[in-house]
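What follows is chain A paired twice: with chain B in the first complex and chain C in the second.
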Partner chain A sequence: MREDWGLTPYQTAMLTLALVGGTSVIVLPSILAAYAGQTAWLSALLPLPAGLLPLLIWRDLDRRLPGLTLLEQARAVLGPAGSIPVGAGLIALFASVCPAILRQFADLISAEALPRTPEIVVLGLMMVVPLYGVRQGPEVVARLAEILVPLAVGALVILGSAGLKDVVFNHLRPFMAQGPGPVLQGSLEAAAWYAETALLTLLLPFHGYGRRLAITGAVAGLLIAAGLTAVTTAWTVAVLGPLAGRVTFPIFQVTRVTSVAKFLTHLDSMLVVAWVAAGFVKTAVWFYALCTAVAATVGLRDYRPLTVPLAGLVVVGAMTWWASSAQLTGWVFHDWVFWGLSLELGIPAAVWIGALVRAKAPRAGRVTAP
Partner chain B sequence: MKTGFRLVAALCAGLILAGCWDGIVLTGLELVTAAAFDAAPAGAMRVTLSIVLPASLQSPTGGGTGASTNSPATATVSAEGGTLEEAVSALALQLPGHIFWGHTRVILIGAGLATRGIAPVVDFLMRSRATRLSTDMVVTRGLAASVLTASPAYRTPGSDALFDALRRRFVARAPVYEVAQSLVTPTSGILIPEVEVSQPSPPAGGPSGGGGSGTTGSSTTPTGFAVAGAGAFQGGRLRDWLTQSQVRGALWLLGRTLESVVRLDAPNGVVVSVKLTGARFNRDAIRLPGGEAAIQVQVDAQDALTQVDAGSPPLGSAKYLLLLSHLLDTRIRQQADAALSLARTDGVDFLGFGRLMAEYQPVFWQRVHTDWPATFPEVPVVLQVRSHVRTTGNLVNLP
Partner chain C sequence: MMGVGAALACLWLFERGNLRRWGAAERVAFWAGWLLLFAWGLAVQGHVPLPTLPQFTRWLFRPLWERLLTVQPNIYW
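Presenting the complex of A and B:
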């Protein structure tokens, strides 16, 4: 179903920032520190090309097939039969990652704020806002992003400033003590996060200010997200030192150290509130992608009837697929990098190669998704 | 109707998300201000908590936060268990409310447990959701619980007195997360401040014990405590004790500023006291001309003369202040040498030299890091001290 609104560059940037940075800021620092130690911050910057690649692919595809989402482009390029594997691949990606994101945020809330609340209640309530937003359409999700994401980033910046006195810059030395290998290994993990920009191929066609500004907004969001992840990683390592790779949700452990004038403490609760708000946006974008992918693949004109049952399945998946937080961490650590990277980069690349080979572009005017 | 339903649903969700599910009201919390961990027989652990009595914290006139003079501000509870968590569970059975660790200001470790190993305590504190990772850890020579029963006259609750003493810059500090860092890198040690209990002063007519920390009291109950020296830990176990002077020496080598007063015996019977007002440090691992790896510490200290104890020194002379500066250099070297000597004898790197080697001489570190405790005593240390007595206060001289 087509939407009548246009995504502003600012909304694009905030959506991208939430999409990539929503979990990378809270999860990646410990993963990167476990691999690269003092040089972990570099691992957060090196994989930027993995985030830029889907955007470049979309730019070229949009020039050939303007105004179409990736699934519509796949149908136009590969035909109805050829687009089925593309749809199935995207559904597999979205259906596996949506519950993982929901579970990560639920684990965060359980660990930091509501340890006694049953997990199913936290998961269910965490799904309510994305469900409501997605049912209202991508415009609501975009507006949610432009309000909530700056608040989350602002909270992080304020807490970072308050915690500067606890930073020990020597913890960031020596540079590349173990050589480039561990840094590159860490980069591979971060690449899977940055390549989540592939989801924008379902949203960027709604741009309201031209392709160039849409891309500019997305790239700006990606750069801010990578910068925030790098700074957060450096901050974590500089405060926690060798502990950085051994704690869960490291940025929240850093805020447990931070105090303002030895009086204002427990600032982690402030960050939880702000970052969970950003988590709503990230979950909403992935959930929107899941709903539209399923609708397009099974041939529905409107994805909205699917939202409630799919939200229920996502909650059930988040509840049951990982028996413990350790299992989820293991999945993110070992499986997500290959699963995520191959689908996030592989599917847009396959459609793009198909478009190149067939050089088939519809004439101007929007094509309605079947 | 639909909007009303949504509004009610949103409010209900907000209530649950705000923690009203299984929520605990404030009055149902037992606020821990200090916790003491001691070794118990047969590998067990004893946990003693100092719990705030909120009613006693209100002043008799109301509205204030000063302590009532009639009733204690805190209560002490204690329990034993095979593990720390078992002991805490046993404590929970003694208390009507929910134990809340979020206001814990000091963690005390008894010598017995310190010798056995403090890793379980650090693990508990790091894993806990409520504890502040910046909470100070201290160690005692006897039972840590005895500090919690001390009742200093000058500040209540006693844990606040201890916390305030640690906050001032006269002692080294060891927050929980730094102790945890030392556990992650077993080759590096850490200094944890030592607290000693002050016994009651002798009855009237006895010596006042000038310079001590005792306060007036009439019973044998400990009346206070003072930060004495520090315990040197490696791998989470207590290896040795340092005097206050050795701690000062260690802090020079660690590159940390510590407010301290140094007595200087100058020529012609002059005795003066100088106080450190600031310092800059540079710590490095270098290669000596012969290619040998060494530690280099440069200290640039600024000091103020705060008192003339004996003699009539010419403090208006810049040359004389330079002489005092050189004397201070020597004292700083002596203190640092004493700490270094102890670290070498014990083979405990509480000076963070291993970390320096890893940072600045990674090739050498790769070769020796597995055997660092044995290698560390052989590593040369180059100490360069430059002191500057910059001011004599508001007075130049008295005849």
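Presenting the complex of A and C:
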């Protein structure tokens, strides 16, 4: 279904920041610290090309087939039959990520604020706002992003500066103590996060200020997300030291021990409020992608009939696929890196290669929009 | 089953305006989605051992992970 609105570059940047940084800032620091120790911050910066690659692919595809989403481009390039595997791959990706994101934020709420509330209640309530936003259309999600994401980032920066006195810079040394191997392996985990920009191939076609500004906004959002992740990782390691790789949601543990003039304490609750707001945006963006991918694959003109049942399926998946928070972290550690990277980079690359082959084929002629 | 019936009736009441507006394919997708959700919910309630997506990804990628990623994370699970 075509939407008659245009993404501003600022909205694009905030959507990208929520898309990548929404969970990378709270989950990645402990994963990177577990692999790369003192040099974990470098593991957060090295995989930036993995996030830029889907954007570059989209830029070239949009030059060839302007104004179409990746699924519509796949249909134009590969034909109706060829676009089915692309749709199925995207659905598999979104259907695995949506419950994982929802579960991560529900675990965060359960751990920090509502330890006695049944998880199904937290999961259900966490899905209400994304469901409402997606049902109203992508413009509402974009406006939600431009309001809530700066608040979350601002809260992180303010609380971070309040906790600077707890930083022990010696915890960040020696540099690359165990060689490049652990740093590169940590980078692989972060690469799967940054390559989530592949989802933007469903949103960037709605740009309202030209392709160049859309790409600029997306790259800016990705750079801010990677920078925030690197700084948060360094901050976590500098405060928690060798414990950084062994705690869940380390940034909240750091802000928990931060105090302002020994008067304002337990500042983690402020960060939870701000970051859960950003989590709504991240969940909404992924959920929108899931709904549109399913609708486009089965040939619906409107994705809205699917929103409520799919929201229920996401909640059931988040509830039943992982027995505990540790099991979800284990899945992210061991399986998500290959599963995520292969789909996030493979699907746009397959459509792009198809477009290149069609453009070079002498008899196929120029590929045009359906 | 009475619960499922009551839920479907509530859904029809809640969405009847949209159901009138949507096309035939959208109406079919709406009810198919709900039936899938109810079936999955009943299977979970009945402790039916359904395969899950994380199990599939583990089956697909665990051998690759064990071969390629040789650095063990420094954490205790």
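One rule holds in what follows: the second predicted complex is superposed on the first by the 359 of 370 C-alpha atoms of A that agree within 3 Å, B and C clash if a C-alpha of one lies under 4 Å from a C-alpha of the other, contacts with A are read in each partner's own complex, and residues count from 1 in each chain.
Rule of thumb we're sticking to: contacts are C-beta pairs under 8 Å (C-beta built on N, C-alpha and C of every residue); 3 or more make two chains touch, one makes a residue touch a chain.
Note that the coordinates shown come from a computational prediction; the quantities given were computed from them, not determined experimentally.
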In the superposition, chain B vs chain C on chain A residues touched: C
Partner chain(s) touched by A:Q136 [first = chain B, second = chain C, both, neither]: neither
Contacts of A:S325 with chain B and chain C, given as first, second, both or neither: neither
Touching partner for A:V121 - first (chain B), second (chain C), both, neither: first
Which of chain B and chain C A:H266 touches, first, second, both or neither: first
Touching partner for A:D335 - first (chain B), second (chain C), both, neither: second
Touching partner for A:R246 - first (chain B), second (chain C), both, neither: both
Touched partner set for A:G317, first chain B, second chain C, both or neither: second
Contacts of A:T216 with chain B and chain C, given as first, second, both or neither: neither
Intersection of chain A interface sets (partners chain B, chain C): 246
Parts of chain A lying in touch with chain B, wherever the complex brings them together: 111-118, 121, 125, 128, 166, 170, 173-174, 177, 239-243, 246-247, 253, 256-259, 262, 265-266
Chain B residues touching chain A - in the complex, by the definition given at the top: 13, 16-17, 19, 21-22, 102, 126, 129, 131-134, 167, 175, 177, 180-181, 184-185, 355, 358-360, 362
Of chain A, residues touching chain C in the complex: 30-31, 34-35, 37, 92, 95-96, 181-182, 185, 188, 245-246, 295, 298-302, 304-306, 308-310, 312-313, 316-317, 319-322, 326, 329-331, 333-339
Partner chain A, residues of chain C touching it in the complex: 11, 15, 18, 22-23, 25-27, 29-30, 33-34, 36-37, 40-41, 44, 52-54, 57-58, 60-62, 64-65, 69-71, 73-77
